[in-house]
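Before anything else, here is the set of structures, which you'll find just below.
Common to both upcoming complexes is chain A, partnered first by chain B, then by chain C.
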Partner chain A sequence: MINYFANPTRFLKIAKGLQPIVALIAVGSILTGLYYSLIQSPPDYQQSETVRMMYVHVPAAWMAMFCYVALAGFSSVLLIWRHIVADILAKSTAPIGACFTFLALATGSLWGKPMWGTWWVWDARLTSVLILFLLYLGYMVLYNAFDDRSRGARAAAILSIVGVINVPIIKFSVDWWNTLHQPASVIKMDGPAIHSSMLTPLILMAVGYTSLFIWILLIRARAELNLQKVHALKIRLAKV
Partner chain B sequence: MLESIYNYFIMDGYGIFIWVAFGLSFVILAGLFVQSIRLFRSSEKALEDLQIQVRQDEK
Partner chain C sequence: MKNRQKRFSFIGLGFLLIAGAAALVLSAFEDNIVFFHSPTEIVNKFRAQKLKPAQRLRVGGLVEKGSVTKVSDGATNRFKVTDLNNSIIVEFRGILPDLFREGQGIVAEGFYQNNIFNATDVLAKHDETYMPPEVAEALKKSGQWKPQ
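Now for the complex of A and B:
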């Protein structure tokens, strides 16, 4: 299956067909999710209206981790099978993941000020997410740090695979250490602990963010494939 | 009517945090999307220009 998608021409064909579908899901889910988040869902009995920040903060935090796992997955495929599409997908995932991580940190900070009385605290959850953000930045810097693109891609891939250890640390940090951050209330063994009136917008926003990630990933991957062709053509012209 | 709209935007006094969180999310994600579209368009343009040049050179 990996070899099937490794063909750039086949990948382009699939990406072109998939793009309008994910675009439709992304726009539909986010607009419906925003309606439920800002109008339909009730305020929380403890956190009052501030709970609405959950609908942008939590999906961003999920996507921050999801994008990193995807980045490490693409990087593994690149290192094992040397597929060019995996390289392109990994390179395209990094800035999207960095944006979601930045959003998780910024919206978390905005939520933390009224609820905890502080914008930032060096506890396990917040610090591990900050490390995730630095890993994304490190990946992008390392990728572009070499004159030889393939060397940069391999070095960055190794960094992303090593850094994946941070993802379970983020997930379980609230269980392993004392932290201001609340424990998991949606993805847990005995099911979600939040009411359906709040779960609905949360799921809608999560679906919207996931589709948006795929949509932007496909656009960026197609751009990167074009740039690789440009690079190859330039070499060909230089030889002539 | 106006008072209920005002109260909605104030959101129990937390409006500034909530609207900034939603606004920032929109700005970052829309910015990323627009930058990606621009990257794609510029890559297509660069590829087209080079393909034309290659065809001319081959002639």
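Now for the complex of A and C:
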């Protein structure tokens, strides 16, 4: 199956067909999700209206980790199978993941001030997410640090696979150590600790964020493939 | 073995080694990674004389019911933080966070001297449950309320 998608022409064709579908899902679920989270859903018994920060913060944090796992997955395919499409997908994932991580950090900070009483603390959860953000930045810098593109791609791929160790640390930091951040509410052993009227908009936003990621990924990957084609053509012209 | 399988096992092995190294590092630094200590830990450390006189610490726990008072200067809050086994008296001069109330989880940062924790900062913790106020009321009425 990996070989099937490794063909750039076939990938371009699939991406072109998929793009409007995910775009529609992304716009639809984010708009309805925002309506439900900002207007329809009730305030929280403890945090009252401030709880609405959750609907933008939590999916962003999920996507920050999801994108990183995707980045490491694409990178392993690149290293093991040496497929061009995996390289392109990895390169296109990194900036999107970095944006989601930044969004999670920024909204978390804005939420932390009114609820905890501080913009930032160095507890295990917040620090490990900051490391995730730096890993994304490091990946992008390393990728572009070499004159030879494929060497940069490989070095960055190794970095991303090493860094994936940080993802379980982020997820379980709140269980392994004392943190200011509270433990997981949705993905936990004895079912979600969120009332259904608040879980629905959260899930809607999560679906929206995920399809937004795929949407932007497809746009970026298509552009990157075309850029490489242009580059190859230029080299061929220069040789002639 | 094909080249691809070689690369696969190389990456797999390398990853396992790094995961092992990370686990060792994290368990070695456990005491520095925790954000706060429980009152029991602090009292035990104090008794074992493991605390330096001016060591900055964070204590975390629940605000003990009925313990919140003002000191005679009128501006210093005094309350007890408990982990249900031991409790520590905390004094804090400043504005308490909105979520601060009896039974709430908090983290105080400061110095432990003469059996009193002089806090320079007090942060509020909240748990992972989210629900509308009406649901919380209904749970309290039916006796199914589980405090954090």
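Following the convention adopted for this analysis, the second predicted complex is superposed on the first by the 240 of 240 C-alpha atoms of A that agree within 3 Å, B and C clash if a C-alpha of one lies under 4 Å from a C-alpha of the other, contacts with A are read in each partner's own complex, and residues count from 1 in each chain.
Here is the rule we use: contacts are C-beta pairs under 8 Å (C-beta built on N, C-alpha and C of every residue); 3 or more make two chains touch, one makes a residue touch a chain.
Please read these numbers as outputs of a predicted model, since none were measured by experiment.
Enquirer: Classify the contacts of A:Met198 with the two partner chains as first (chain B alone), second (chain C alone), both, or neither.
Expert: Touch partner of A:Met198: chain C, not chain B.
Enquirer: When the two structures are overlaid on chain A, which partner does A:Pro43 contact: first (chain B), second (chain C), both, or neither?
Expert: A:Pro43 contacts both chain B and chain C.
Enquirer: A:Ala223 in the overlay: touching chain B, chain C, both, or neither? Say first, second, both or neither.
Expert: first
Enquirer: Taking the superposition as given, does A:Ala60 touch the first partner, chain B, the second, chain C, both, or neither?
Expert: After superposition on chain A, A:Ala60 lies in contact with chain B alone.
Enquirer: A:Val162 in the overlay: touching chain B, chain C, both, or neither? Say first, second, both or neither.
Expert: Only chain C; A:Val162 stays clear of chain B.
Enquirer: Using the touch definition from the top, say if A:Pro114 reaches chain B (first), chain C (second), both or neither.
Expert: both
Enquirer: Is A:Phe102 in contact with chain B, with chain C, with both, or with neither (first, second, both, neither)?
Expert: Only chain B is touched by A:Phe102; chain C is not.
Enquirer: Looking at A:Trp177 after the superposition, I want to know if it touches chain B, chain C, both of them or none. Which is it: first, second, both, neither?
Expert: second
Enquirer: Where on chain A do the contacts with chain B and the contacts with chain C coincide?
Expert: Touching chain B in the first complex and chain C in the second, residues 43, 48, 114 of chain A appear in both lists.
Enquirer: What part of chain A is in contact with chain C in the complex they form?
Expert: Residues of chain A touching chain C: 42-48, 51, 54, 76, 79-81, 114-118, 121-124, 161-162, 164-165, 169, 176-180, 182-185, 188, 193-195, 197-198.
Enquirer: Tell me, which parts of chain A touch chain B in their complex?
Expert: Those residues of chain A that touch chain B are 34, 38, 43, 48-50, 52-53, 56-57, 60, 95-96, 99, 102-103, 106-107, 110-111, 113-114, 212, 215-216, 219-220, 222-224, 226-227, 229-230, 233-234, 236-237, 240.
Enquirer: For the complex, which residues does chain C have touching chain A?
Expert: 4, 7-8, 11, 14-15, 18-19, 22, 26, 30, 33-38, 60, 97-99, 107, 121-137
Enquirer: For chain B, which residues count as touching chain A in their complex?
Expert: 11-12, 14-15, 17-18, 20-22, 24-25, 28-29, 32-33, 36-37, 39-40, 42-44, 46-47, 50-51, 53-54, 57
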